[in-house]
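Shared between the two complexes below is chain A, which pairs with chain B and chain C, respectively.
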Partner chain A sequence: MNRQTAVAVPGMPVASLRRWLAPLAWLSLLLLLTAGMTHLEWLFRLIEPDTRQVIYRRAGFFTLLAQHVLVVGAASLLAVTLGVGAAVAVTRTAGRDFLPMVSQLASIGQTFPPVAVLALAVPALGFGTLPIIVALLLYGLLPIVRNTLAGIDGIDPEVREAARGMGMTAGQILRQVELPLAAPVILAGIRTSVTINIATAALGATVGASNLGDPIISGIVNGNTAYIVQGALLIGLLALCVDSTFDRMQRRPDA
Partner chain B sequence: MGEGRQSPNWVLLSLMLAAVAAWLSLDAVSVAPNRIVPGTSHMALGVMAGWPAVLLALPMLAVVVLAWKPGRKELRLSLVAVVTLLALLPLWLSAATTVLVEPDMPQARVAIGRSLWLVLFLLLLATIELRTRLGLSRPLGWLLLVPMVSSWWLSLALWLEPLALLREYQARSDQFVSALLAHLILVGAAVGASLVLASLLALAMRRHAGIRRTGFAVLNFLQTIPSLALFGLLLAPLAWLGSRLDWLAAFGVSGIGWAPAFLALLGYSLLPMVRNIHVALEEVEPAVIESARGMGMSRRQVFLQVRLPLALPVVLEGIRITTVQAIGLTAVAALIGAGGLGTFIFQGLGQAAMDMVLLGALPIIVLALVADALFGSLSERLRPGGAA
Partner chain C sequence: MIELFDVTKRFGSETAVDGISLRVEKGELCALVGTSGCGKSTTLRMINRLIEHDGGEIHLDGQPVRNFDEVELRRRIGYVIQSTGLFPHWTVARNIGLVPRLLRWPKARVRERVEELMHLLGLSVAEFAGKYPRQLSGGQAQRVGVARALAADPDILLMDEPFGALDPITRETLQQEMRELQARLHKTVVFVTHDMDEALALADRLVVMHQGRIVQQGKPIELLHEPANPFVESLLGGLDRGLKEAALIQVSERMLPLGPRLLASERIPYGAPLSQALSVMLWHRVDRLTVVDEEDIPIGELSLRRLLGAKTS
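This part shows the complex of A and B:
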C-alpha cells in the first residue's frame, strides 16, 4: 500500500484524455438529450399515441437538470463534510469515545426511509428544496462515515508509527499520511452515497421541490408514460455520468 | 477498559447536557382548539409553573454528574435514571394535556413539540450508549424499553385523548389497520419472492460466469432507475396486460395497485439479495470445504451442512438490507395506488395536515427500525462464535 502511493506517474495528456472518455461521452449524451428532448416528439409519440401532449413542458429540462444537480450537490457536499469530519474526529484520541455513537447514528440515519424523513421535514422546513436536502443528507451519510472509518482503520499502524518517527505532527500525519492512504476507500463511499442520492432526489418532487422528479410525478398523476420516461432517462444518464467519473477517479493512472 | 474509570464519559455527558438544554429552551407541546387553527406552543417550563419540568431535568443533570466519573455503579445508576425518564415523559405529557386543554374545547388537539421529540431521541441514544458500555445483551436492551412503551400505552389509553396523532388515528382506525396490513404484506411478499428468485439466480451464477456478468450488469442497471420512475414505468405495460389477459385481470393485475408496486419492489430487492447470497456462498473458506470433503461428506452434504450454515449470517444481512429498503419504498408505492402507510403521508401532504403525515411516517420509521434490529440480531446470533 505504501509503495503504490510513492509511485507517482506524471499524467500523460493522451492517456488521461482517453481515461475520461466514458464520463465525457455520458455527459455529452446527457446534455444533448436535455437540449434536444423537444425534437424527439415523434419518438415519444410512439409510447403515447393517444395523448395530446407528449413532451413535458411545465419547465425546461435544463432548469430541471440544474435544480436536480444543485440539490444532490448541496446534500452531498454537506454529507461529505459532516461524514468525513465526524469520522476523522472520532478516530483521534480525543474523540475515540464517540466512535460507537457516530457509527450507530449513521446507520440509524440510513434505516430511516427517505420518504418518511422528507415528510417529517416539511413541517419544520416548509415545502420545497430544503426538506429533500435534509432527507438526502441523512440517507447519504452512512456510506461516507462507514468507509472513512474503514479507510482510516485499515492503515497499517506501522505506517503511522513511521510518520511519527519522522517527526510529523498529528495534523501532518492526518493530512499527508492517513487521508491520502484512505482516499480510495473514502471515495468509494462518496460514490455510493452520491449515486443513491441522484435517484432518491426525484422524491423531492412530491414535496414541491422542482427537479427531474417533476416529469415523473406528473406522468404518474396524468397517466402519461412519455413524461415518466423523460424524467427517468435524464436521471439515469446523470447517474451514469457521475458514476463513471467516480470510477475513473478511483482508478489510479498507473493501474 | 481501565481508563474508563478516570476519564469522564463524554458521550453520555454531552447527550444529557443537550437534552437538558433542549428540554428547558424549546417548545414542548402545542395546543390547538381544532384541526384547522394552528396551535399555540408552550415551553416545558411554562406548564404548571414549571415545577414538573424542573423535576424531570434533575435526573438528567444527575446523569451528567454521574458521567463525570463513570464507574460501573455510576453507569448502572445512569441507566436506571434514563429508563425512568423515558417512562416519565408520557406522564408529563398527560399532565400537561390535562392542564392545558380546557373542558370547553372538545375538539382540542395537542401536538408534541420539538423539545419533547429531541429529549426522547437523546434519551434513546443514551440508552444505546449505556447498554454498550455495560455490555448488556441485545434482548436485555429490548427489555429496557418496556417501561417506556407501557407508560406511553397507559397514557394514550387514559389521558392523551386530545393528542393530535391519536385523534388522527381514531378518525380512521380501520383504514390504518388495513394500510398497515397492506404495507406488511407487500413488503413480505416482495422480500420473500426476491429471496427465492435471488437464491436461484445466485446458484446459477455460481455455475456460469456468463450469467454472473450479465446478471449483475442488469441488476445494477435496475438500481439506477429512480424508484419513483420504476413504479411509473410499470403502470402502462401492466394496464395493457390486465386489459388483454382476463386471467391476469381476475387476479387483480392492473396498471395501478399492488402489481406494479410488487414488481418494482422485487426488482429493487434483487440486487442486494443476490449480491449477499453470492458473496456468502463464495466466501466460505476453501479449507473448510476441503476438510468436510475429507470427512467423507457428499457434495450435497457439504452444501447443506457446511456451506449453507456458514453463509446464513451474510444472507440474513441481505434480507435485513432488503426489508428495510422495501419498507421505505412501499411508502412511495402509495403514489401508484398500492395502498400501505404511504397513503397517509401523501394525503396528509396534500391537505397540509401534518398530524396525518405523522400517522403514516412514524409507523414506517418504527417498522424499519424494528426490522433492522430484528434481522441484525438474528444474523449476529447465527454467526459462528457470535453472541450466544
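This part shows the complex of A and C:
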C-alpha cells in the first residue's frame, strides 16, 4: 500500500502538466507575441508595404493586454456572482416565483446588442472603462444564468431527496450536493460567457476604454490593416488561452 | 418505538393518508404493504418529516416528531430509498460517512465506523471504499445505501422499497442479509414494499394499506389465516396462500427425530422453509426427506404428513 503511494506521487505532477499543456502553450504564444510584436515589423511590412508605421505604438501591447484582461475579468466576475447568485436564489423554495422573470431578464440582456448598450451607457456613465464593463456584464449574464438553472435542474431529484432525508440543511445541500453536481454545466456557461466577452471587449476602444481593441479601431480609422491584425491576433490568442483553460477545468481527472 | 395516532395527509383535495393509527414496537420490523398510491410511502415520509402531516400525531419514543428540529430528527433516523440516492460525486466511503460527518464526529471515528459498516454489509474496504456509485452494481449500490443509513447507529430505520429495483436473485440475497442484519441489530424498522413475498419474509408485523387507510394489521401468519376482506386475501396470494404460509415455517418446526427406518435419499437443511421441502418432494416424487444440519449431518426426518401439519406421523 505504502509502496504504491510512493510510486504514484512523483507521477502526479507529470500527469497534471500534460493536462495543462494546451493552455500553457497558448499562454506562452500570447506572451511571446505580446513581447515580440515590435520585432515582427518585417512581417507586417508585407501587409502594409506603403505605410510609414506598421506597428501600433500608441501604447505598449502589454499594457493593452493587461487592460483587456482586467476589463473582461471584472465584468466576468460580476456576471458570475450575479448570474450564479440569481439562478441559485430562484431555485430555492422561497424564490421559485421569480424564476421566469430572471430567465427572461437574462435573455433580454443578450438580445440587446453590446454596441447599443455602450451607446446608452456612455451618457449615463461617461467615457472610459465603466460603460464597457456594464455592456459586457449584461451580455455575459445569459449563458451563466441559463446554465446554472439547467445544471441545478438536471440533478436527480432522488439525490436531493436523499440529502434531505439524511438530515442535511438547505445550505449543506446547496454547497455539498447541488453546486458540485451542477459545476460542469455552470462552468460551461461561464466559459461561453468569458470567451464571447474577450472578443466583445474590443468595442471598449470606441468609448475610450483602452485595451486590445485600440489597434483594431485605430486600424479601421486609419486604413491600416497591420494594426487590425495585431489587435485581432492577440485577442484571438487570449480567447484560445482562456477557452482551453476552461476545457481542462471541465474535464475532471476522475472522469 | 413509533406511534401514529389518527394521522392524516391531504394533497390539495385528495386525501393520501386517511386517519391511520399504528404502533411499531422497539426492535420490530413493520412492513407497510399495498398497491401503488395507497399512501404507504407518504406514511413513511411523514415519520422523518420529509412530508408534514396535516392531522393527528406522530410520536417517537413518546415525543411528538414536531417537537424535534427536523434536521436533527432526520440525522437520528436511517433512511433508505429505492434509487439509493447515493451522491454520484462522492466515493462509497464518503457517502457512507455522511451522517457521522454531519454530526461532527472526529475524522478517525468516522473512518473506523465506515470500515465497520462496509464489513457488516459485505463490501471489501480495499475494493469499494474509493469507488464511485456509477461503478457499482445495483446490489452493491443498495448495500452502500443501507450502510449509509446505519452509519450514525440510529434506533429507527425507514426503508422505502429498498430492494424494488433489483433483479430477483440480488433482491433475495439482500432480503436474506437484511434478515440477518435485523437479527443482530434489532432496529425499529418501517419497511415499505408492494412485494408481498418480501413483506412476508421480513416482517414481524404486516400492515396492509388501501386508499389511505389501514385495512388490516398483525403478524404475517395471522393475516394469512384470517384475511379481513377479499382485498387482503387477493394481496396475500389467493389460492397460493398455502405456499406463502409454508414459506414462513421452518423445516425444523415439523421434523421428527431420526427413526428406525432407513434414511430417505433426498435431503433438506433444517432451516429451510416448508415450501422448499414440499418442492423437493414434488420434484423427486417422494414423501419423506432427511433433515440435515449445516454440516450436512442427518438430524431428523420430515414426512409429507408432518409437512402438512397432521398430528400423527
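Everything below uses one rule, namely that the second predicted complex is superposed on the first by the 243 of 255 C-alpha atoms of A that agree within 3 Å, B and C clash if a C-alpha of one lies under 4 Å from a C-alpha of the other, contacts with A are read in each partner's own complex, and residues count from 1 in each chain.
Here is the rule we use: contacts are C-beta pairs under 8 Å (C-beta built on N, C-alpha and C of every residue); 3 or more make two chains touch, one makes a residue touch a chain.
In this text, all values refer to a predicted model and were calculated from it rather than measured experimentally.
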Simultaneous placement of chain C and chain B on chain A, clash or fit: fit
Touching partner for A:A163 - first (chain B), second (chain C), both, neither: second
After the two structures are overlaid on chain A, angle v-u-w for chain B, chain A, chain C in degrees (C-alpha centres, nearest 10): 100
Touching partner for A:F112 - first (chain B), second (chain C), both, neither: first
First, second, both or neither for A:L138, with chain B first and chain C second: neither
Touching partner for A:L174 - first (chain B), second (chain C), both, neither: neither
Of chain C and chain B, partner touching more chain A residues: B
Partner chain(s) touched by A:V80 [first = chain B, second = chain C, both, neither]: neither
Partner chain in contact with A:I152 - chain B first, chain C second, else both or neither: neither
Partner chain(s) touched by A:C241 [first = chain B, second = chain C, both, neither]: neither
CA minimum distance (chain B, chain C), superposed complexes, angstrom: 8
Sites on chain A touched by chain C in the complex: 156, 158-159, 161-169, 172, 177, 180-181, 254
Sites on chain A touched by chain B in the complex: 47, 97-98, 100-101, 104-105, 108, 110-116, 119-120, 122-123, 195, 199-200, 202-203, 205-207, 213, 216-217, 219-220, 223, 225, 228-229, 231-232, 235-236, 239-240, 243
Chain B residues touching chain A - in the complex, by the definition given at the top: 9-11, 125, 128-129, 132, 223-233, 235-236, 255, 324, 327-329, 331-332, 335-336, 342, 345-346, 348-349, 354, 357-358, 360-362, 364-365, 368-369, 372
Contacting residues of chain C [partner chain A, same complex]: 48, 50, 71-76, 79, 81, 83-89, 98-99, 102, 132, 148
